[in-house]
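Multiple structures follow.
The same chain A turns up in both complexes below, where it pairs with chain B and then with chain C.
Right, the complex of A and B next:
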């Protein structure tokens, strides 16, 4: 696409300076007059029944304004996920704001509001809870055994769901294969580690109307879910949009205890109430689901895949929450859709345990799957002597093919082949040595992984919201305000959307500003998740901008005495095509539209026309026409210290077809952040719990290790391929999540190449490597 | 809940005022230097009995004097100040200290003091391992009464030191070796922002004929309640010509002196294996500095 002015440029983020000097727009900085501070008392037991709670001592403490126990909160059973309808048949509701039954260590059992945080904390120690401890189970396989503790009444063997699907005849497919490969691949529980804690302030008025400020990734989801859990109509909740929040990575896609409790404490005290998680509370709020994947692949001598079977065991933890949904995305978009096979079958099991809740995390089930799929492909290629690039090219779709999820869509712009070949070339793949052939104590290896099919939003997914809205208003100074309920979670969503608006309107980037709103005055938007914002919100912004531009040019046509169809806008100037001398600024046209009907000029008051009168606006509320798949391949070089087991990632080459690069610097940032989280997932990150008490052992950054800048490779090279997706705004589709889906298997494959040892469980710690080398 | 009983925050500018505050609160008065260790204790709710904090940063005791016989490091010297010392770049015998100072994150270097890192008696820190290998001596002061002690005698248990209430470390002293000497330090860490899983420092001095006349090998990071000195390893080296093979034998001998612990960061077996690897690497690095 030629002639793009704003799209494709690394414009400076509008909030960059604000954030560097402290970021007062972060919800953590919200403070209202008379505000109280809340704290939650958490259960030390992973499974218990509450026999009694005595709050009398706490209530007497000066400064304490309210104490809440299960009997003080609505006993409405809900599911916390924001992005599915609250009453959806596709999810399970099994949570209460405060319950008499504790199902994980750290579950809140009571809450306090006081004049200071210190008093609230002190009050917690004055609440006397009598528990009846119940037997707990932490291992999902143990949880399914006969006689395991029953975590939710009536759920037999703690099995929440057993979804499955398939095509063809998988037995037949394996018979047709010349070789059959199988393996079990395990992944661990990891946390997103966003920077800004989960925090909220609720202000409930005397009529019971709740106004809430919160650090979340879905404004309308918060409104809907909070209303549901409180038993209110949605119109009685107003969620205020923060100009930006300090990270989500999926972790802020569900109702947290703090939001419901702050609303209730506010209603009780008639004051605004603020609750903020400590880092410990953030850690046990939600995490990526640990999964155990069994994968079996049938291959012909020529490298054609004949059959794929997989089964997945997912620990959904104490509550259902995302479990039954994450396993479906995992199965379709993680395990099965990327590689063609005539015969397929998948079976899943979602199990309750007494572990902390599972949540959404960038990639939503796909990193767990990709570790299995991409490791096994490496095993197949190694064993049968195929080049991993050739093997992938042979078994993956091409541009123009029907989309494997929904054949009614086409892979419009789709360049996995280029990702594979260009990435391989940049990495020097052809020079890769034989696995384990490196000499010396420090051994280097190269590995790669691909992810052929992923999402740009959730069109086509059962019961997941996917539409966006935008409002654009032009100002008399020639600038535009864009409003959208999209949440900027730190990746620059606002900037990208302003770029799209500016491009469509013909304004400079600096002339478009994101104006935050709230659920009372903004159209609905699905959350910032599923790699959807550029493609889906971007589409809505483009439609709204086109609408505003049409209105602008209609007024301009009257004032300039021209035909609207003959006008064009660029850099804030409206000109007549072919007659550039006839020009008028956007500012002057808007001024005219906003002017009083009678305008006083040198000749005295002169009437304008009614037709040109009124604020120039554009609005939209639309769903995107499809769900375009990005394509990705990542190549890494590692060095393994065979004396210590330590792995250093030396270099990464990331090739991604994202349709169109809207903002190159932001895109590069996504790749780097994804690699950082991917290195953590591959090599070190892991939430650990006391095997007896279920208490979290890794609840701060001394104990929970994530890579720092020092562990990052100094060379991270991005190859962005612009396939120009026909259904995306300016040809764009998605980027974000894929950046984290591929690093772990690429690193595991590179470690294999370096030392000739294959790992089937993450993280691949130095200790595991040393043990595998027989040195422990 | 952290400093719930805190009543007073004393900022003395004369040593006598320290004594006054300590006399008032006894064991519940806590000396505060850079605060980087205390902050962690506070965050974990371990300071619930503390009634007074005594901030000693106005007392002086900062800066290093390079005497002919060695270095006198004021207890309040920060890691960042210490790192600027020209001697660290030029004297091989100080190699272990120079190496150890590269590990702490910048924010910590700016706050952490030499006195604080020693008094904390935390086996997971790096600077103490290095200073013990350099045979560090301490001067202390309590109500005007001065005391000299070996660093090894400061450590009396996990997070426990042998100082009396109100007794301050004033100075850490390193004597310059007479002969050809060099030292080195290496740390095993999960990330660059981590306390040691294992660390090791080695100091060696050779006589005129190239034989080892002095050796000190120290280890930290979960291999004992405090930093451990491995005399078994040192014995292997003394009086010998230092070959790679001998260094390996010395490294293998550290197992006799350490008691590696198991926690969620590393198993005891891994710590033991790494103690040997890192001792060997520290020895090789020290030796290379002599050539």
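Right, the complex of A and C next:
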């Protein structure tokens, strides 16, 4: 593994320049001839029944081509999540494309297609809707009370699901403990704030076949879910792969209203129809689930954890969507698997409210959990006088241990211990002062958080797709095309996969190009989510490349009159091992394989000597054999202004065992982006709603505060620990989500170290800090 | 929705004033407030869009005798980078430093910031403590007529000023500050960059013979309009800077903020937090002024 040519290098992204000059490949730039523009009318009420809709005035407006109301759309109940089968037993189907019942403020009730956006908007104002307002409930605890408004018929107390699990005897475990700690930790609703809006163009032909371009993170999921909601077989939907998507962070993993409506409006008008979210519409299309976590931990005098009990209340909002799934990932991979405890129990409650829909967001339930777990460990260590690094080392798994989720897997390459010790050393952890001992009005503190067990994809998760496919084709100029339905959502997936293909094929990186396709001609692929692409899609690409290379060398063996087993490829040249003078370029071999059976030469037409003719290619459709866990520890230094309550993150040290680093620059980018989202989650980001109407008050970037470059620490130090993961391509594991799981608790712990005050709810705003300091 | 049917970009002031004499033109300069307001529907374009950016003589920063004049279309970046202002009115440069982002500073004009009349307008508190006036021009009886309005009397309510629809703000003018005048500015929000002020405070005073005089204090985002904090000013006027009484002076000034600042709760901050920040900022700027 030491002789890698392409993997491990910070190669330049192939689409970098193209994106900088405007990004023709972004779905937002798709335009088809004769295209119409759609807009959705949204309910001002959070809970209402539609009594009547009069579209006659809108239909008369010149330029309006179609108006759609609930009676015009298939009344097929669906769940929008892309990555689970549409008919899965594990999810709840409770949504309609357009419904007579409104369950959140902003739910679409009608749609228009017109020749311009302005006309479509004007038409919306001409649709008369008569609503019967229903009582609404926004607080999940209120929603569970007797007498609360019923949001979905027959769902008692609005409780959608009550999952639970455990091991051992948790009561016994607490009896064995010398100390018991408990606390409740609350997190807020935040939005991913991807750059490219959700946007799509549908073109439905006269036979009813839908072709759709959309800004999404899962090509095959879009095909399956759109077909399901429209009542079509999947073969009647073609989803076209965009070369790249302008960000997702999880938000583009479910069917949007615009996708179904554009397909229907296109069918009705016989024209392509484009719908694009405004930023307000993006804000209210999905968000991270707010959760309230109660966590109780039993600890022995020597620092061994004996038992853990937790319960989680999750506001799944107006529709079930991700709620019942996100709470399971939250419980297993966020709360319970990371730290060893012989006795555990967890109970979850997923509740409907009249809030905007919840969705997937980088970390999928784990940031909410880590805020509880990592804050409480800090509290335990503070109280019992343990060093937080030592405490974690004592209670976490080691390389070679069985994987806590599935003991049939091993933690093959796993170096959490090094993440903790190397990160601590770099941060100067041993110089950390006692909590609250800083003097002056601006107080500095150091804190850390870890996340021992996380995922590289979804192998082992019930009802979640995980297999990937790839097609590699070699060209007569010695280059290769790589086709995969993996979506590049901005983190460099295409580049990483091309690096793996180039490495396996023995080509230069520049010789491999991503060739986008569509659901008609690509093998299935799971979404770009769950930190899975390098490990899982990378595995499929490596298998396809190995297949192509085998076919290449079989042809080369004939042409070069050598044994295929004796051949090797490097930088596009095929040589015989031990006889470097005998060489032939990949281009020449492919040319021979692609040549006609008769070739005209100086002597006239002559049959070519090569019998094995045809395109040299390789294909795969596979899932990895396991689900390798990355490991992470993050250390931050903050400065708290005790006069204004402002917190500055001065420095961050991030130590991550991600197995082999395929592209160090892209990896560093993941860390920096995760820290930025983590600072937002910890300190300022928060979606706010009118308590009476449920209307979103933070639906633009004036009122929804994300950190900018100015709020980022000037020093972000990455320590990448490259354990060699036996099940990953070239030893690689995952990175992305962990980068956002740890910052909030690390910052909260650093704030504690600075001012001696513990916060149990996010975001830790200046007002909360001043109130806690007694200045309120 | 109103369609724009006429777009004008005159080079001469009298042409512009004639074009807006019917009081029905939408005035465009940097567009950094106009564009988002029309986009969100908070404001409608009128049929006539009048770009004033190209009018000769409407930009520039100059001194004439004791008067300083900043043309209405001067950008925030121009203020930020102006060496003369850095010398005679550094508080304006300081406020420009904290104004939005580089791109917005390059487009936004000082005149636009005043006419937008946001309680959070960043250039307003520092101009208030410079005791600035605004020059309003209109076309009447076949000639350009101008009047000068003290900035303090310019604002009526959020988004509203005493400027009449046919009038154009052409410049902001103020007396060159005395050599012993010191001015300071503070603003804050949940994040330091690209922020609408949660509150802003500007404080200026002359320092002579160990005493404060001509004290002027202005605040933003604590009332429907930016305001001069007369109670705080009165508490500070003539006060000595000596160590023995300084803490008591600050305490009185900080207490007086409650008389001037009447903030509200909104999405960006609670009334309590705004009131607190005003107290913190007044104390901070007073200490800085004393340190000068």
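The rule is short, and it goes like this: the second predicted complex is superposed on the first by the 770 of 776 C-alpha atoms of A that agree within 3 Å, B and C clash if a C-alpha of one lies under 4 Å from a C-alpha of the other, contacts with A are read in each partner's own complex, and residues count from 1 in each chain.
Here is the rule we go by: a contact is a pair of C-beta atoms (placed from the backbone, for glycine too) under 8 Å apart; a residue touches a chain by one contact, two chains touch by 3 or more.
In this text, all values refer to a predicted model and were calculated from it rather than measured experimentally.
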Chain C versus chain B on the shared chain A, clash or fit after superposition: clash
Which of chain B and chain C A:707 touches, first, second, both or neither: both
Touched partner set for A:31, first chain B, second chain C, both or neither: neither
First, second, both or neither for A:698, with chain B first and chain C second: both
Chain B versus chain C as contact partner of A:644, first or second or both or neither: both
First, second, both or neither for A:563, with chain B first and chain C second: neither
On chain A, positions contacted by chain B and by chain C: 118, 121-122, 643-644, 646, 684, 688, 697-698, 700, 702-703, 705, 707-711, 766-767, 770, 775-776
Contact footprint of chain C on chain A as seen in their complex: 118, 121-122, 643-646, 683-684, 688, 697-698, 700, 702-703, 705, 707-711, 765-767, 770, 775-776
Residues of chain B touching chain A in the complex: 1, 4, 40, 43, 188, 190-195, 264-267, 269-270, 273-274, 277
Residues of chain A that touch chain B when the two form their complex: 118, 121-122, 125, 643-644, 646, 684, 688, 697-698, 700-703, 705-711, 766-767, 770, 775-776
Residues of chain C touching chain A in the complex: 1, 40, 101, 188-196, 267-270, 272-273, 276-277, 280, 284
